[in-house]
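There are two complexes below, and they share subunit A, which is joined by subunit B in the first and by subunit C in the second.
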Partner chain A sequence: MPKILSADKLDNCIERWKSSGNTVIGPVRKSNISAYRPVEKASEFELDIVLPDLSIKELFFPQTEPILKYAIRKQAIDTTEFLPPSGKRIVFGARPCDASGVAIDDPLFGWDYRDEYWFQRRNETVIVSIACVKADDFCMCTSLNLAPDSTMGSDILLRPINGGKGWLVEEITDRGRDAFASIADLLQESTESPVPPAAVPEKFNLEACVEWLKNPENFESRFWKEISVRCIGCASCTYLCPTCHCFDIQDEGDTYSGIRRKNWDSCSFALFTMHTSGHNPRSTQSARWRQRIMHKFNYFPGKFSLNKCSGCGRCSRQCPVDMGITETLQEISKLLP
Partner chain B sequence: MKEHNHHSHQNIYKPAVMKIVARHDEAPGVKTMRLEFQDPADHELFRENYRTGMFGLYGIYGEGESTFCVASPETRKDYIECTFRQSGRVTSALANSDIGDLITFRGPYGNRFPIEDFYGKNLLFIAGGIALPPTRSVIWSCLDQRDKFGKVTIVYGARTVADLVYKHELEEWEKRDDVDLVLTVDPGGETPDWKNKVGFVPTVLEQAAPSPENCVAVLCGPPIMIKFTLVSLKKLGFEERNVYTTLENRMKCGVGKCGRCNVGSVYVCKEGPVFTAEEVSRMPAADL
Partner chain C sequence: MSIEVQYRNRAKELLSNGEVKLVVGYTGGTTPERRRPVFISSAEQVDRLVLDDLCIANLSGYLVTESLLSDEKSVAVFLRPEGIRSINILAAENQLNPDQIVIFGFEPAGNTIKALDGTNALEFSEFVVSLSENPSVSDSDPVIEKLEKMSAQERFSFWQDEFSKCIKCYACRQACPMCYCRRCIVDCNQPQWINTSPHTLGNFEWNIIRAFHLAGRCVECGNCDRACPVNIPLRLINRRMAVEARESFDHFAGLSMTQEPVLASFKKDDSETFIL
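Here is the complex of A and B:
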């Protein structure tokens, strides 16, 4: 019989998970920004939202990550590596688009050279997603062949039951099963049916748009200039995106001692690709926006058979000039025969 | 064409420490350094993995890392030689480093020139200015096993006589009977005692007219030179698939993660830096 996790048992779950060494993380609003943050008790969660403002990405790929500490001595360089932090974590109340966003980046961080900063955290984190019963005008998972109740990237999928009393438990992975085995006695058998997932209308026909993107004739189409003329290159879209992974490596300190860090970077910035000679392969904002769209829907799928977008819609929702992925692909749709 | 060492369970961003054991001024602002590994384990990995054409990230803590080729051949792996122009923050710091100083190296990364495929063929090397270093790595990799290849022709040009790099090696190649060396400088770049050609590389190449018959061309240079030299090679009858070149883009990670070096769908750091002209022609020109 299906099991439900009752909302009033959530505090017991958190306690149980914490006592077995887990950090429990979930959507929390602080300074009016909702993000995935550690909690002590269930009341800190803000689950009744469409999705957190900030994506889940930073739990696996922080804005800034120390790689190593260096100290230069006369005849030696002393380095101390910062190992990927270890520690079991349970993310409760992730959105399916965030969970799939993380899974989309696994092949990128793993092809040939494994980024252990990413995988250490991936291996120690259980993602418990809650299927969306609310959506807004920016949500577009269904246009990406995903859904408000997708299981991609989730270890457990919870489906809300009527009246906000709790969630129907769907175990997806062994890792999820293990995490829920420890709270098995807190679950109840139930025949209750879940609230249907939110209706997210299809915003664009992805396959048709991808065909257009793949046509080499369109690489230098006027379209790119027209769509991105209002882009101010602020990079909000890339920072908020659960799948954007571009980064920089920078030294903080001087030539005697300091810390080498891996920091978020963005393809929206002119400096991102600028050669020392001054030559810049992506010298205009339109070339940079084209790169972002091409990378997400043409290049990345070509390499890893995954769209590099999970449809969370943050790029459009937070864009100061209203030109996210949805707007772009909708405009491309208008150019289709 | 791909060979990779799977660096599992180790920090892929941690560089090896190298000691500068020799240092040479090549041309105004251009230096060559010979580097030796300090940790035998790092050296062993390099010996196992390095093939001509691969690149590395050379660095100084506090300044950062800079990407350029390994200029020494795969037939000489006791050390790494690199040649660079002092132009940015990292290369300036490197240029100011002295013999005995320690710097860092990450690599070797990327693909390589498939020189086994060149066995029995005539080789035409064409380089411009500071792009002789990647070419020189292939040249010596082939000359160190000279009997495996046919005729070897090297066409090298720079803006001025002073800008020619590896002058001592140019002399050595000049003297060899088994190498045809064609040297040129751009019009106005000659000195009164300059006895070689005056003219741009594509023009000089067309005059030298090497036969495309059973010949592979390796072409490295600034983008503008590559563009016009490809036209000349075509005129001479070379097929694009027999012309190899390298792309150089800004890189930070070198291992296909940081997202900045791609040209179209190609990650230069992993699928390159060595490409045939045919492969390059399929890339979006506006992204180069």
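Here is the complex of A and C:
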């Protein structure tokens, strides 16, 4: 019989998971922003939202992290590597688009070089997603062949039951099964049916757009200039995106000693591709926006057979000038025969 | 005739007779309450222009990006009073030739908007002076009052909390008409003057340097505050700097096209309270 996790048992679950050494993380609103943050008790969660402002990405790929400490002496250079921090974590209440965003990046971080900073965190983290029962004008998972109840990247999928009193438990991976075995006695058998997932209308025909992007003739199309003319070139879309993964390496310190850090970087910035000579192969904002779209829907799928977008819609939702992936792909759809 | 129709007609006329090559205005956005910038370059497209009380963004920054004005042709732009002040500053700082700018001015009036008379920045001189005499700088913002009452230590931790959210996306900078530097100091990396990392030190360095660079130049259009994806109340910093510039130097940013920059000029009777 299906099991449900009752909302009033959530504090017991948190306690149980914490006592076995887990950090429990979930959507929390603090200083007027919602993000995935550690909690002590269930009342800190903010679960009744479409999705948190910041994506889940930072739990696996922080905005900034030290990777190396160095000191230069006369005859030698001393270096100390910082290892990725260790610790089991349970993320409760992730959105399916965030969970799938993380799964989309797995092949990237394990491709030619295995990024232990990413994978250690991945291996030690259980993602418990909650299927969406509400969506807003910017949600577009269904246009990316995903859904408000996708299981991609989730270890457990919870489906809300009527009245907000709990969730129907769907075990997806062994890691999820193990995490929920420790709270098995807190679950109840139930025949209740879940609330249907949110209706998210399809916004564009992805396959047709991808064909257009793949056509080399369209690389120099005037379309790119027209669609991005109002782009102001900030990194809001890339930094809020659960799948944008670019980073920069920075040495901070003086001539003789310092710390090497791995920081988020963005293809929206002119500096991103600036050569030492001063030449910039992507010298205009339209070339930079084209790169972002091409990377997500042409280059990345070509290499990893995955779309580099989970349809969370944060790029459009937060854009200072109301741009985003949805509008661009919708406009491409209009160019199709 | 509504101001929207009136301005569409004017845009049509200017584009048809070649007086301007482009009209920078607003159009509808993703949701009914959103407005987005739009660039209209032919008379047939003027019906896309939308103008109502939801048109808030200061569009003047677009005039100084990607060499828009380098061909010496004119551009029309929809501007609220703050935007007109921005044009004055950009002209005073030699970033644009005001004769190339045709202003479609409007200002909020209750729940609606009303047109402002004039097309060239010079024609708005008296209007801007009247703004300076009745500064909209309202000192009754509850958050400001709360901040003013705090001890320095409390205020420091307030900003520490706020800046800890900064993700260094530079949306504040990119949205700001005054942040036109070809190469921002954080982008100068030979050597790297400012930490680019979004850690406590890096976030303080960035936000404080930006506040100083905007002192006496910010017209409080709110573009940065609205652009910030993590809701840092940047308006509070700029509001404080504006009050400071006013009280210490009787300076109202964007008063005229010949105004001297407050932090790069001096008068004999400047207050010297900061010299011990």
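In this section, the second predicted complex is superposed on the first by the 337 of 337 C-alpha atoms of A that agree within 3 Å, B and C clash if a C-alpha of one lies under 4 Å from a C-alpha of the other, contacts with A are read in each partner's own complex, and residues count from 1 in each chain.
Please note the rule applied: a residue touches a chain if its C-beta (ideal position, glycine included) is under 8 Å from a C-beta of that chain, and two chains touch if they have at least 3 such contacts.
This is a predicted model, so every value here is computed, not measured.
A.B. asks: Clash or fit: subunit B against subunit C, after overlaying the two structures on subunit A?
C.D. replies: fit
A.B. asks: Quick one: classify A:Asp112 as touching subunit B (first), subunit C (second), both or neither.
C.D. replies: In the superposed model, A:Asp112 contacts subunit B only, not subunit C.
A.B. asks: Touching A:Asp248 in the superposition: subunit B (first), subunit C (second), both, neither?
C.D. replies: After superposing on A, A:Asp248 lies in contact with both subunit B and subunit C.
A.B. asks: Considering only the touch criterion stated at the top, classify A:Pro196 as touching first (subunit B), second (subunit C), both, or neither.
C.D. replies: Touch status of A:Pro196: no partner.
A.B. asks: Touch check for A:Tyr256: first (subunit B), second (subunit C), both, or neither?
C.D. replies: First partner only.
A.B. asks: Go through the superposed model and pick first if A:Ser31 touches only subunit B, second if only subunit C, both, or neither.
C.D. replies: In the superposition, A:Ser31 contacts subunit C only.
A.B. asks: Quick one: name whichever of subunit B and subunit C touches more residues of subunit A.
C.D. replies: Between subunit B and subunit C, the winner on subunit A residue contacts is B.
A.B. asks: Identify the partner contact of A:His275: answer first if only subunit B is touched, second if only subunit C is, both if each is, neither if none is.
C.D. replies: The first partner, subunit B, only.
A.B. asks: Considering only the touch criterion stated at the top, classify A:Tyr70 as touching first (subunit B), second (subunit C), both, or neither.
C.D. replies: First partner only, subunit B.
A.B. asks: Using the superposition on chain A described above, determine whether A:Pro85 touches subunit B (first), subunit C (second), both, or neither.
C.D. replies: Touch partners of A:Pro85: none, neither subunit B nor subunit C.
A.B. asks: Just how close are subunit B and subunit C at their nearest CA atoms in the overlay, in Å?
C.D. replies: 5
A.B. asks: Do subunit B and subunit C land on any of the same subunit A residues, and which?
C.D. replies: 248, 250
A.B. asks: For subunit A, which residues are in contact with subunit C within the complex?
C.D. replies: 31-33, 53-54, 63-64, 137-138, 229-230, 232-236, 238-240, 248, 250, 252, 261, 263-264, 266, 269-271, 284-285, 316, 318, 320-324, 326-327
A.B. asks: For subunit B, which residues are in contact with subunit A within the complex?
C.D. replies: That would be residues 4, 6-14, 17, 60-66, 87-88, 91, 93, 102, 104, 223, 248-250, 252-253, 255-265, 270, 284, 286-288 of subunit B.
A.B. asks: Write out the stretch or stretches of subunit C touching subunit A in their complex.
C.D. replies: 29-31, 34-39, 57, 61-62, 66, 161-162, 164-165, 167-171, 173-175, 187, 189, 192, 195-199, 202, 223, 226-227, 229-231
A.B. asks: Spell out the part of subunit A that touches subunit B in their complex, as residue ranges.
C.D. replies: Within the complex, subunit A contacts subunit B at residues 67-68, 70, 72, 75-77, 79, 81, 83, 108-109, 111-116, 216, 219-220, 245-251, 253-256, 258, 260, 262, 265, 267, 272-277, 279, 281-282, 287, 291, 294-295, 298-299, 302-303.
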